[in-house]
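Please go over the structures that come below.
In what comes next, subunit A is part of two complexes: it sits with subunit B in the first one and with subunit C in the second one.
Now for the complex of A and B:
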């Protein structure tokens, strides 16, 4: 394990060094994060000018969702999304050979190889929004809520990682699939709102088909004290099961891989 | 003229062939296109429910009608030129298009319309299924349907001209992502897409009336659903035509300057 942490650190440093060459990208990222936040806040503003609750959620509680949305999106786009994009490109070009022959676990390596440092802006924005939401919610946050939130957040990130990994592994068979991660992005947009607002069929799809509900709504529930035993158990259960499925699928995929250039 | 007809026909055929090759990409576009209005529809229906059935005279069924039509108007009007142009310019792909004897916009229009014709075959059944789920209150009359046709055509032309104009920014700026995003946030809130116009706060509504966004999305929807009195209808058509003239003039001006500026990066 320390070995992988060290590897992650090396790639993080590489990512930073690489990005420092393109400093205007920071400006672009700042604008993007700001726009994303503006979209969420303007939406909340308009809606709460017409009602005092949305499917039972009060304004400060929805603000917590906005924070989790930004935080989880920042965390996945920091490491997972860029690494998996590169992984799929490697399958297409046959350059995955070089990764498979390295003396470390290849799945770990392809999951952390590309880091987009500026996405940290989204993570920071998420934390700030969460802090504001917590201040607004006031005394209702105790240690129990905090612990539940952290557990649910870790489970959520694990679920999204495994889900994206499973999508990316499909590239072993379909080769040109670079847009598949985009599908996830448009589904992820649905996570700006608590999944309780959606009709039952869509809610089911956003819980089990594309686990946005577990990744965003459930951690926010933990924070605002709305969590049920069922949802946290579901999230933790899925966070254990889905990585195992991804691992199993990875093994099949690698066995199928024959290298494009060799 | 005859040449242009030939060009459009040829482009039509190649696009169909192309699209059948990349069915995956097609599905992805459709998913985003369908999901976004469904998200806003769900959120506004939830608001209506929490207010005891209606927000400012909009019931859940009215929202359903509004968003299902908006989905089709959005589908008819959207372009992807703002991303494509950046790619063409950055990669130097624009060069071969420029040396052809016709303006590249013709190739693009033919391409875009063919793509929509193809995808409409999927969008229509999806809208029908969603209509069964959301039970919309369609208040369409023969007269409103008649007025809808020119409103939609003007909306498509306007959105096309405007997004092409913005796309020409790529001649001067190599990373247009920030501009595109600014445009989309404005579009989202001022076009009637995230929020039907009557639900916006008063001053914002007034601003939105003057800007082009509402004219190419919310306006045709309101026309078809017969939500507008006659004077608003006439003002709306007038605004569509006026903005179209402005957008075409701008496009001509920026295109002419941009092409002179263009130095074929990467070629």
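Now for the complex of A and C:
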């Protein structure tokens, strides 16, 4: 494992060094992040001008959701999304051959090959928003909530990673799948709101079909002290099971690639 | 592996009856056939490699020849662990390639002329840095190897540029450098000089020879350019339609597949009626090139010298390109039997 952390560090360092040459990108990313944040906050403002709770969530609690949304989104778009896009491109171009002939775990390697440094802005924005929400919530946050939050957040990121990985692996069979990660992104945006606001069928889909609920709502629940035993067990269970499924699927994909491609 | 002692006689690459076939969907054209094929899919087996066997000794450079679709790349991909074979076996440095063991991958490298491994947007040295981390090359060894490669390939001014700003030849040099940082013992080079100009080709060839010599590396190289093979490989393996057609020294290939010799004659003045001595390949004023069957080259030479005002005469093998061309086009136009050629000359 330390070996892969080192590899990740090398990729991160090179990503930062190279991005520093293009300072305009920082400006664009700042604008993009704050536009996203403003949209979320304006939405909240409109809703709470009519009512002071949404599906049982108070304003400060919803702010926590906005924070988690930005944080998880930043973390996945920093490494996972760009790396998996590149992986799918590598399948299309045949350059995946180079990855598969390297003496390291190929799945790990394709998961960290491309870093979009500026997405760190989203991570920072998420942390700031969370901090504001925590201050507003004040006394209700104890060490237990903090620990649950961190566990649920790690589980959430693992779930999103595995889910995206499974989608990307499909490219072994269907080479042209450019849009699949974009489609996921638009479903992910449903996670801006607690999934309790959605009708039951959509709630079920966002929990089990596209596990956005586990990735965003559950960590926020941990923070605001609304987490149930069921939801944390579900999140942790899924965070254990989904990577195994992704691994199994990866093996099948690689076997297919080495069996059929010319 | 039955013995833990190093076996000095063991080949670096050992291939036995290696086969690979693909199932490809077969579909008639037209909408109706396309729809029907959704549930009733017809497949057809295409044999890419149909049972080839050979050994390559450590430190040997072998040229792998064959027209497009002959199965060269498929074989290289099986040997570098990317493809599972349909049948047969292969070991490289004692490992079965397609098990993709880290111990094996650590010692080999794959270079494909038409695909880039360098990251497009970042400086070449950064791509090297990534390979260094992947192969866990110790600092001292890395700097030593990099210095050596920088000298041999003249990489100095290129390393700080992003790959996208390099010319094709420069990029290939950098690709090779990156692929050799971990000092592999086996090199699989698939068309390493594809699309390069003559100077760059020569440069790359000289480098490959030098590297193999210094590190006693085993090289299996495919190329369309016969000059590559002539310059580098004493031995060639020719495959065609997935089967092995020839395995031996380059000169032997000419002997085996070319039943002809070329007679180049400088005459003192132009002469007509040269067809009597052999097939006229070219006439350039007083310089004439004739193709004659190998067996009657001596007789034809004697008659030419006796009959004509010859200023100079040389007997050579036809260019290797031409020989190869004949081998590969053999099934498109049936070759004229050697005896018929012979008849042509004896009646002359």
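The rule we apply is simple: the second predicted complex is superposed on the first by the 257 of 262 C-alpha atoms of A that agree within 3 Å, B and C clash if a C-alpha of one lies under 4 Å from a C-alpha of the other, contacts with A are read in each partner's own complex, and residues count from 1 in each chain.
Keep this in mind: a residue touches a chain if its C-beta (ideal position, glycine included) is under 8 Å from a C-beta of that chain, and two chains touch if they have at least 3 such contacts.
Note that the structure is a prediction, hence the values are computed from the model and not measured.
After overlaying the two complexes on the shared chain, residue contacts for A:102 are found with subunit C alone; subunit B is out of touch. Once the two complexes are overlaid on the shared chain, A:6 sits against subunit C while remaining clear of subunit B.
Number of subunit A residues touched is higher for B, counting subunit B against subunit C. If you check the complex, the residues on subunit A that touch subunit B are 24, 27-28, 31-32, 35, 38-39, 42-43, 46-47, 49-56, 174, 176-177, 179-180, 182-183, 186-187, 189-190, 192-193, 196-199, 201-202.
Interface residues of subunit A facing subunit C in the complex, by the touch rule stated above, are 3, 6-7, 10-11, 14, 17-18, 93-95, 97-98, 100-104, 109, 255, 258-262. Within the complex formed with subunit A, the residues of subunit C that make contact are 22-23, 48, 73-74, 77, 80-84, 98, 100, 102-103, 105-106, 108-110, 112, 115-117, 121-123, 126, 129-130, 133-136.
Interface residues of subunit B, counted against subunit A in their complex, comprise 24-25, 27-28, 31-32, 35-36, 38-39, 42-43, 45-47, 49-51, 55-56, 133-134, 175, 177-178, 181-182, 184-185, 188-189, 194-195, 199-201.
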